[in-house]
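What follows is a single structure, written as structure tokens, with notes after it.
Chain lettering (A, B, C and D) follows the sequence in which the chains are written, and residue indices restart at 1 in each chain.
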Amino acid sequence: MGSELMFFFETVISGVMAGVMYALVALGFVLIFKASGIFNFAQGVMCLFAALALYDFMAPGGWIDRLFGITLPVWLAIVATIGVMIVVAWLIERLVLQHLVQQDPIILFMATLGLAYVLEGLGDILFGSDVKPLDLGIPQGASDWALDTLGLYVEKLEVVAAITGAVLVTVLAIFFQRTRIGRALRAVADDHQAALSVGISLRTIWVIVWSVSGIVALVAGIMWGSKSGVQFSLSLIALKALPVLILGGFTSVPGAIVGGLIIGVGEKLAEVYFGPYVGGAIENWFAYMLALAFLLFRPQGLFGERIIERV
Amino acid sequence: MFYREAGQFKSSYNADQAILPIAQDRVFVIGVLAVAFAGVPWFIDSYWVNAIFLPFLAYALAALGLNLLTGYCGQVSLGTGGFMAVGAFATFKLITAFPELNLIIVVLLSGAVTAAVGVMFGLPSLRIKGFYLAVATLAAQFFLVWLFNKVGWFLNYSPTGQITMPSVEVFGVLVTGPRATPAARYLFCLSFVALFALAAKNIVRGRVGRSWMAIRDMDIAAELIGIRPLAAKLSAFAVSSFYIGMAGSLYFGVWLGSAEPIEAFGIEQSFLVLFMIIIGGLGSVLGSFLGAAFMTLMPIVLKNFMVDGLAVEVVTAKHVEITLMGVLIIFFLIVEPHGLARMWQILKEKLRLWPFPY
Amino acid sequence: MMFKRLTGALIGATLALPAVVSTASAYELVMPSLDYRTGPYAPNGIPFANGYHDYLMMLNERDGGIEGVKVKLVQCETAYNTKQGVECYEKTKDTPPSRALVYQPLSTGITYQIIPKASVDKIPVHSMGYGRTSAANGKVFDWIFNFPATYWDQAAVLVKYIGEKEGGLDKLKGKKIALVYHNSAYGKEPIRTLEKAAEKFGFELMLLAVDHPGQEQKATWLQIRRERPDWVLMWGWGVMNQVAIKEAASIRYPMDHFIGVWWSGSENDVLPAGESAHGYLSGAFHAPGDNFPAHDDIKKHVYDKGKAQGERDRIGEVLYNRGLIAAVYASEAIRNAMKIHNTKEVTPEMVRDGYENLDLTEARLKELGLPGFTIPVKITCANHAGPRKVALQQWDAKAKKWSFVTDFYDTMNDIVDPLIEEDSSQYAKENKIKPRDC
Amino acid sequence: MNQEHTGNDVLLEVHNISLSFGGVTAIEDVSFDIRTGEIRAIIGPNGAGKSSMLNVINGFYHPQQGSITYKGETRPQMKPHHAASHGIARTFQNIALFKGMSTLDNIMTGRNTVMTKNIIWQALYFGPALKEEREHREFVEHIIDFLEIQAIRKTPVGRLPYGMQKRVELGRALAAEPDLLLLDEPMAGMNVEEKEDMCRFVLDVNEEFGTTIALIEHDMGVVMDISDRVVVLDYGKKIADGTPDEVRANQDVVDAYLGVSHG
């Protein structure tokens, strides 16, 4: 009985950890949706692209190595990758978004599909399609202490991810609440015209928000890439973030985290306790069904802004 | 010079309500149909049918179905892959259980089954809107595919999980299976697509179509002038799923011939068809065709152009193809955000003035 | 203006579509290669495609082709996608002068697509150790070959190995074996065989499906941690393998009790897990490593001349060698066809005969510069699966090397044969095929 | 169509309606009636609850208290499509046309409640469906003639100027052949000429088709000119009800409009 209870805790903890990992991906979506109303289909590919760049900068035979004959240490590679993501954001604004201001959200959504294709193709051309084991020195494997003393299985990488996720959300929350740019971002989210009238350039805002989202993508890419190696499949984790998004609301940063936790715990419990009776592999649709059930009660997601209907 | 409507007067409302009120358009469409029905079958070979025409036709029908729902009724759905799977599996179950049943009836029944399933998964649309609905329809996508993959009955307990279409004759002509001639398979699909494109055009210009568009443009006002959201949305889901189900049936039965649920009907399908209608033109029957052509044929054109034409190495060509595909999508959206169909319309308007641009 | 130019280019490209340009006047052996160097499974597709490419190029460079007739390798990118695979098949099948001589479809989905088509087009298909298992029955599947062994043989062999380690097959009673499988047609292949074996030997079978792509397997491994199966088998593919091996290590599952199918046993799968993958086992039907004379020839004739598509230090990876052995089988079948039909201008029909009468002995392997690389293969009209033997290899994380740890085991005919018979006769019935007499 | 212009039978009556949104009271205990064939104006300062009242009448808002008697049937609330199919049509304060559709199609949607042919006939576009489509098209063409908007028949309404859009919206409401027409500020934002046109249409509708009209309007001149009776709301309460002259003389109304503080 005791071990059953212990196992239940383990399942819940795994769910929490998985949820944080999903939330890391979902955060990138939220940032862009919040500030520009764009559902960014390319978010998954951005994670892949960032992780590919990061690996490449540190690897012998990578671009830095070929161009300058050196490989970068981890921290410098991260800085360089952040630089790359900012350039990518700037290019996206310059070449794509700028020409599509005022279009329907669904058109912009389609444009992000184009972006996804471009980033995928460029990623392949620039960095190759092999599996790249990403080792930044993040501890991996089960925590021995937890396993030996508590008999509890906790993955170290995921603890790191959870802490990172928490820090990231806090930083973003402060960024949105306290800084001038953050307030501007919120203003843009509320009303494009109003934001323009107080003298904030929409274009600057978009570059900033896509950059931040690129950085979030890098964090997600590092965490997932450390787990499975950097490869094309990394771009598919975006699918895992979608139920989190609907549950938490497209516009809420804390929503992404809470949504991630609910989805993570929910799907793990379902798979472990209910899956064996129906043949398993139910996690995916269960996550969506769970999100759908929530939506039926709150059509705008848990933390989404309330939709008011008027004529 | 050649594209003029001046001098074409309508003397009755019937004529004014005709599908193609402008004579040149009529000639053009009849010409396209004539070439498609009478010309293409003469030169079509297995490459053209398997790589070009059947994928185009199957996806065009699916895109048409989704466009009815998303383009005309404004309900974004990402369940297309799942609904295509319903159509495909209905076809498989029907044709293996009743081998004597005419394939035409099987395809129609598959559409009907899918319509029923579509209505069921359309129910949340009464409360959930926009992208939330889109992502909610993913629940249908994942659940349906899981179901077909997991429950042996759907697969006729095939040990591998692959379903295979038996060879079926329609009016004495083989249309499925490896021995069916390219022309027979092509004509079978083409007939469905042409007929149901016409039906779609009719539906969207009648009462039902108007009620869908009313819901799309302003659902509250529509409700207040007496359009029932329930009936309008669910009928859109039903008709749309009917089309998508038939598309799934042709996709599996006539084109691929065998399929496994996860790969053939995965989430990528849902996105692909949605992108077809956006790039082709939301709320446009023509746009569904243009979008399907763009998304299915453009990669092949790019690839063949680079590999055969420019002798680029295959891998590089693939990478460049993906990148170019993205660039083209963005390019077309910037040039005309409302899709290829609108671009075509603008072209026609220019043609109307040609050769005097002002 | 821009638009107009674009339209022009597009029309030009469309017209170029069916163009199959034939430049050389001499007879050539057309060998299509349906590669997947892009997409989610690219990491596995690249080494295989390189191995296939390099061996055939080496023949061209060293011997002027097969028996002096040049090989024309026609590559086509499928991205492991069935629909693109169909396009590739249709595009390449009639390439002049010889038409496509043999297809290696390389994915379960594409194999299933090509099986009926190739039978009508009269082109042999070699789905080497994958695809439709019952194609082993040559009486029903005239054009399909899947030697040297099938998934079902492999499942049987893995049970045999486990039995041996437990001290005899009778000791399997009461044991628990888990199967972690890719939730697709491919992953479901071994289930029937394992169920039959479980029935016969009395072990408990635990089935755990993992959905594509398989980056999140927490729930699966939690269940393994709770149930503590004695052995874990895996039918995984792509990123699923890497994650599974890491998860297994995390829950401290003993690696030497964790056995993958031969598609879950490449360097790609174990390297990301680092040290913790040490001792992981997988099925195999050919040796790893680049220490064979054939590899030296490849380095000399392909890499030194700058005709390679891959990197030199990746020669000899497991999947590279798999591509290589596929090319060896194909070229030997063609050579055989030339001998049987006494012509250098072989057609796909002749190559089929070449495959059907293939007898690749150890002596011949030695001549080819691959002594001990794999087991001898002898194909007959009735048996398209050949020897149906499987060995196990193990990963040494310190040396970063795979190596054989067992000899080749025979399959369990009493379990697998009836299954093959059942499935192939059902296929024959559904498709109205009258089995040949052999 | 040529009903008697009686002015005596009560078509609709609201009894003691109260409506609030999350604690904020929009309408408080309001009762009044609308007689068949009359033009009934509802006036009051901004935020008086006029639009809310219309929304209650055609069922979009559900009042917490009170009941509605329409054509002799009393119920606490209506469903919007029920109201629509029983002859209540309306226009909106902020134009609520279907922007993606042409003028003709917009007005045709007004006929939806009386069109019956099912989707299969429509898909065939043949026989009964074609006949039905043509009959309704003819009816709609009458409205188009009546409103003098022939030239913009095929124009997408999104491209029309504001005044025209208002007219199309009126056309859409008329297409339903309503017994009771609710007009929410039909002349807001119009110039004098457009207002005159609109007044003419409203009066013509009332006289030619005998349609009962309830309208909200801010332009007092217009209200006093065209309406038969006026009800005045202020802060959600009814403060006056009667003929234009009676209302004009009411001290509460004068106070409300001049902004004299209450009580």
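The definition used in the following text is that a contact is a pair of C-beta atoms (placed from the backbone, for glycine too) under 8 Å apart; a residue touches a chain by one contact, two chains touch by 3 or more.
The shown structure was predicted, so the numbers you read here are calculated from the model rather than taken from an experiment.
Note on connectivity: the fewest steps through touching chains from chain A to chain C is 1.
Farthest from chain D, judged by the mean position of CA atoms in each chain, is C. Mean C-alpha positions place chain C and chain D at a centre distance of 73 Å.
Averaging C-alpha coordinates per chain places the centre of chain A 50 Å away from that of chain D. Between the Cα centres of chain B and chain D there is a gap of 41 Å.
The distance from the centre of chain A to the centre of chain B, with each centre set as the mean of the Cα atoms, comes to 32 Å.
Across the assembly, chain D contributes residues 60, 92, 96 that each touch 2 or more other chains.
Among all residues of chain B, those that touch two or more other chains are 220-221, 224, 319, 322. Along chain C, residues 37-38, 183, 211 each make contact with two or more other chains. Within the complex formed with chain B, the residues of chain A that make contact are 39, 41, 95-96, 99-100, 103-107, 109-111, 113-122, 124-125, 239, 242-243, 245-246, 250, 278-279, 281-282, 284-285, 288-289, 291-292, 295-296, 299-301, 304, 307, 309-311.
Looking at the complex, you find that chain D touches chain B at residues 58, 60, 80-81, 83-85, 89-90, 92, 96-101, 105, 108-113, 115, 117, 119, 122-125, 129-130, 133-134, 137-138, 141, 172-173, 176. Of all the residues in chain C, the ones that touch chain B in their complex are 3, 9-10, 12-14, 16-21, 35, 37-38, 75-77, 79, 81-83, 86-87, 90-91, 94, 108-109, 112-113, 116-117, 119-121, 132-133, 183-185, 188-189, 191-192, 211-212, 309, 419, 423, 430-432. Residues 7, 10-11, 14-15, 17-18, 21, 124, 129-131, 133-135, 140-142, 147, 153, 155, 224, 227-229, 231-234, 236-237, 240, 267-268, 271-272, 275-276, 279-281, 283-284 of chain A are the ones touching chain C in the complex. Those residues of chain B that touch chain A in the shared complex are 76, 124, 127-132, 135-136, 138-139, 141-143, 146, 150, 220-221, 224, 267, 271, 275, 278-279, 282, 316, 319-330, 333-334, 337-338.
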